[in-house]
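The first chain written gets the first letter, and so on, giving A, B and C; residue counts start at 1 in each chain.
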């Protein structure tokens, strides 16, 4: 490393005792709580042979593992390689991008297994986990990875661990309200993951506003090879998004349909992104930032409706629109957000997750409201929206209303939660770097 | 970017209106055609519960999604990361390699869903799609990615979109002739994907011959890290090729067998490639170009026969030979093709796809001709070659003849189609760069 | 390449005839042996329809392909991209890391199919292979990749091929002793793969000790981008490790449970690694070497017990401990091993595989010894430990004893085998480079 040491570091970024303390404290807490609460679900427990007999299952293939494990692995890649590498575009923050994403996600999935477990898999005092819990934990952490994108390069690893602790908690509460109280459908998480995660992150970065950030402007760009590393992240997110949106859908047609809708939406999104990237630039050249990010908006925007009968052409339309909105966002909104609203959004999550997330919520509400027994079939209609038990009499238009309410709740949770957590992260004890040292791996890493 | 602006750009590479126009036009056409034609197949439709009852299926596991989705995702990775990164070896064309591959494939899969749908999944005026259609669309686009390899660095994104439009069309016609009219087997597409795609691309690049290409010779090489990026592409193609060749095989033993044959062939191919790479170089050192490419020839060369009873040792033989042929091709044929036949083949697709594709077609014909009821079993024999209906009386040797005919048809389609499309791409309206600016991202990208 | 030519190369690293000869000889031997011995197993053979009828199977889904193929592909990625890229951290040895790993693994899987086949899949004079054989071959080669990590940068490709030949052989013998004679459980290979592979490699590198290795000290470090390439390897190993440990477990709950235990262990491991990486460094900064390696120790350390009822919190504990042990190893043990024991361990496999492998073996022995019918259920208990036939009366504590014996046997095989193979590799005929040219791609590659 031939870079000169930075002078005038006024902030204390020394991590030696603080970071280990937080990591170990967090992990010990996890061990204790797992010890008290977490056990294998019936399909992962050695008693499965008895379970099989009870449920009259003739084949091991009926184990949920085989329905969901391939999708789980794809989602896992999206969280760790997808988000991790997408953020390596910064020329001097590749270690932080991949490494801190790794850290927060590894902690987050443990905490999410607990939080979501208490809400959804709690039985006789125990949380019973299986492959679906692993997917949901990854999903939950996805929303933290999104928020991380807004504050990338400006926060210490301790701040990220603190944020993860709170955000996973709030995510789980919000998810419970939406899925259980409002009985909303959100297979790919347009509302619970993207809208919530992005507006939460944007609120946090607003609270953490750094007026002198232009001091590290030179490091906020990319270099040739860092852009190629970022494309690894982009492509893995793009390719595996059909798995993301279908991972926890009902077995059979729903998983199948979610994958197809997402595949179509993403394909369309690439073309409109390229079109607008060239169109909005005076020289007509393509901008890697758009290709790396806006091409993914199509996956976000069908997150809620992918498992519904959106139809392939509906998906193309949604994907096309979201690519346009997202690219326009990078060109016009991001600078506006920074200069006027003091929202410094390093990765542009407003364009990739916030706006497409809202589109996704709205498309989901409309698609639900437009559902008919004719299109879904009598059984399919009930199954698709779970119109059973206390929801037996709910109509599509009422469902559409609840879906819309889900967007509002997610936004409120994000704003209020983000403001509180942002306030906590503003305390001068977490070891974040001075403005001139932002976007610089040397602060926290041996380089 | 500290590179000096190029002077003397005589060609107009300004994309601002042309590229957006083509992208948006293409995408709007897709939306309209999808709206008119494309619907969910029965296994992805919400009526699936009724379908299940009708077909007497007791488990959601019988949905084709679970037979093919993991392979689909592997194929998807091959198309977008495999081909995309394989082509990043050029020192200054990484954005173009990954980005344009992304663009053309995203458009191509939409158009392929339609074209292949009309030929193979058309029912009552609608194209009914499921996971197998997604795989086939990716396959079809694979042939365009191959052709892209020949003209890499020398064409504008508009030319690529135009080529994709035509090539997908021709691919689908050729595929229809082979699979439906000649009743040929070609699970991994040695003929339909590799032979057709490669000779199509070679014909196109012949027509687009640039006599002054040595002006950009300095940019036609690799640098250390670009070669490592390319290895990402190579390895993903190599690892997932068993999924490629087995993705659309019959359920059960055929998928299983295709994967094993391909695994064996590829393993053998690596050793002969390394051997000849060292042997053919005076200093005895290994050449990254060979390792990146020729190691994959084994996957191409068992494309047709992988689902047949080729046997593991047969696969080793085929893989060994194709590695040798491919490496020899890089050392001797590529320079010959350029200097004598004026075929400028940037990635050497003649060695990786064309020759191994032909080998694959021939091996397939021989393996089919050599099939016996003894080796396949009575039922297995009929099932493997679909000797039912009007093909009930076809004998193995006749099948071998038709397989051979399939090679010839693919070659003809490639030459004639490539010549026509090459002629269209030669029109001076598509914005390709001057010879001195080839292999240079700065022409179309903000760098 | 602007590096000056090295002067004073006293060793003959000319590969032109030696490398091709070995590659071709090895491959011809494979073809002959495959021709004599290897055939498709019943689930990959075209007679499968008859087999299905005999076994009364109603669905193609019961083909083992669908139970294991997704895991197989994940394991495949770990071997070729995971290990390959993990080792690219060296600034000037990326080609060798990825390329030689590719070469030795491609040969190794063929030879492993034979060796393991003779021991485990031999029937009527033929080795019958299916997807499980492919996984086991990849596993076996994994142990060679581990050993490669110790000698990385210091050996010629010929030495690697020779080592692979012997190590695969010894691995298979050791595996046979453990699995068949001792009736030991080792799903994820803590003993057979990691303990054996690592101590084998450490013994080999001890025998090949190079007193003047500090002459190439400047090349033994990483640069910024090489560390990012290595993170690709790390993350793929980390993400897919649940597939590794569950790939050959029994269908149903065992595969499901293995994946969950591994997921938990790995997550915990990341936090303790980060904690100790920061704590053990005076400036409190994180060290990429630890993040790249020690975060994976959690996967190794639950290799034996993952399919047992270790429980999620048990996994967290094991993962936490192994992350600590591994990180401490990098800081204190590796320098000690080099200076005192003359063990030059390029990648630190002692920390990533050897010690965690031992932990894994011990945890497995304890978990087995602690098993009760209450925890596993009557049937589950028998199934989990295969207490049938001649093992019908074996008790958990006896099983624990045999598990412990498995560790000892693996260590002995590794030390004795490594010493012999190291002696063979020390012969001055294999073309390894002089100390000053170690860790340098230019020796064997066109750069």
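Criterion: contacts are C-beta pairs under 8 Å (C-beta built on N, C-alpha and C of every residue); 3 or more make two chains touch, one makes a residue touch a chain.
Because the structure is a prediction, the values reported are computed rather than measured.
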Chain C against chain A, contact positions shared by both copies (same if over half, else different): different
Copy-to-copy rotation for chain B and chain C - C-alpha atoms, rounded to a multiple of 5°: 120
Length of the line joining the C-alpha centres of chain A and chain C, rounded to whole Å: 33
Chain A residues counted as touching two or more neighbouring chains: 59, 61, 66, 70, 225, 232
Complex interface listing, chain B residues touching chain C: 59, 61-62, 66-67, 70-71, 74, 224-225, 227-228, 231-232, 235-236, 238-240, 242-243, 251-257, 259-260, 263-264, 266-272, 274-276, 278-279, 281-288, 291, 295, 309, 311-313, 316-317, 320, 375-377, 379-381, 383-384
Touch list for chain B against partner chain A, complex: 14-17, 19-21, 23-24, 26-27, 30-31, 34-35, 38-40, 43-50, 52, 59-61, 63-66, 69-70, 73, 76-77, 80-81, 84-85, 88, 94-95, 98-99, 102-103, 106-107, 109-110, 113, 129-131, 134, 157, 225, 229, 232, 444-447
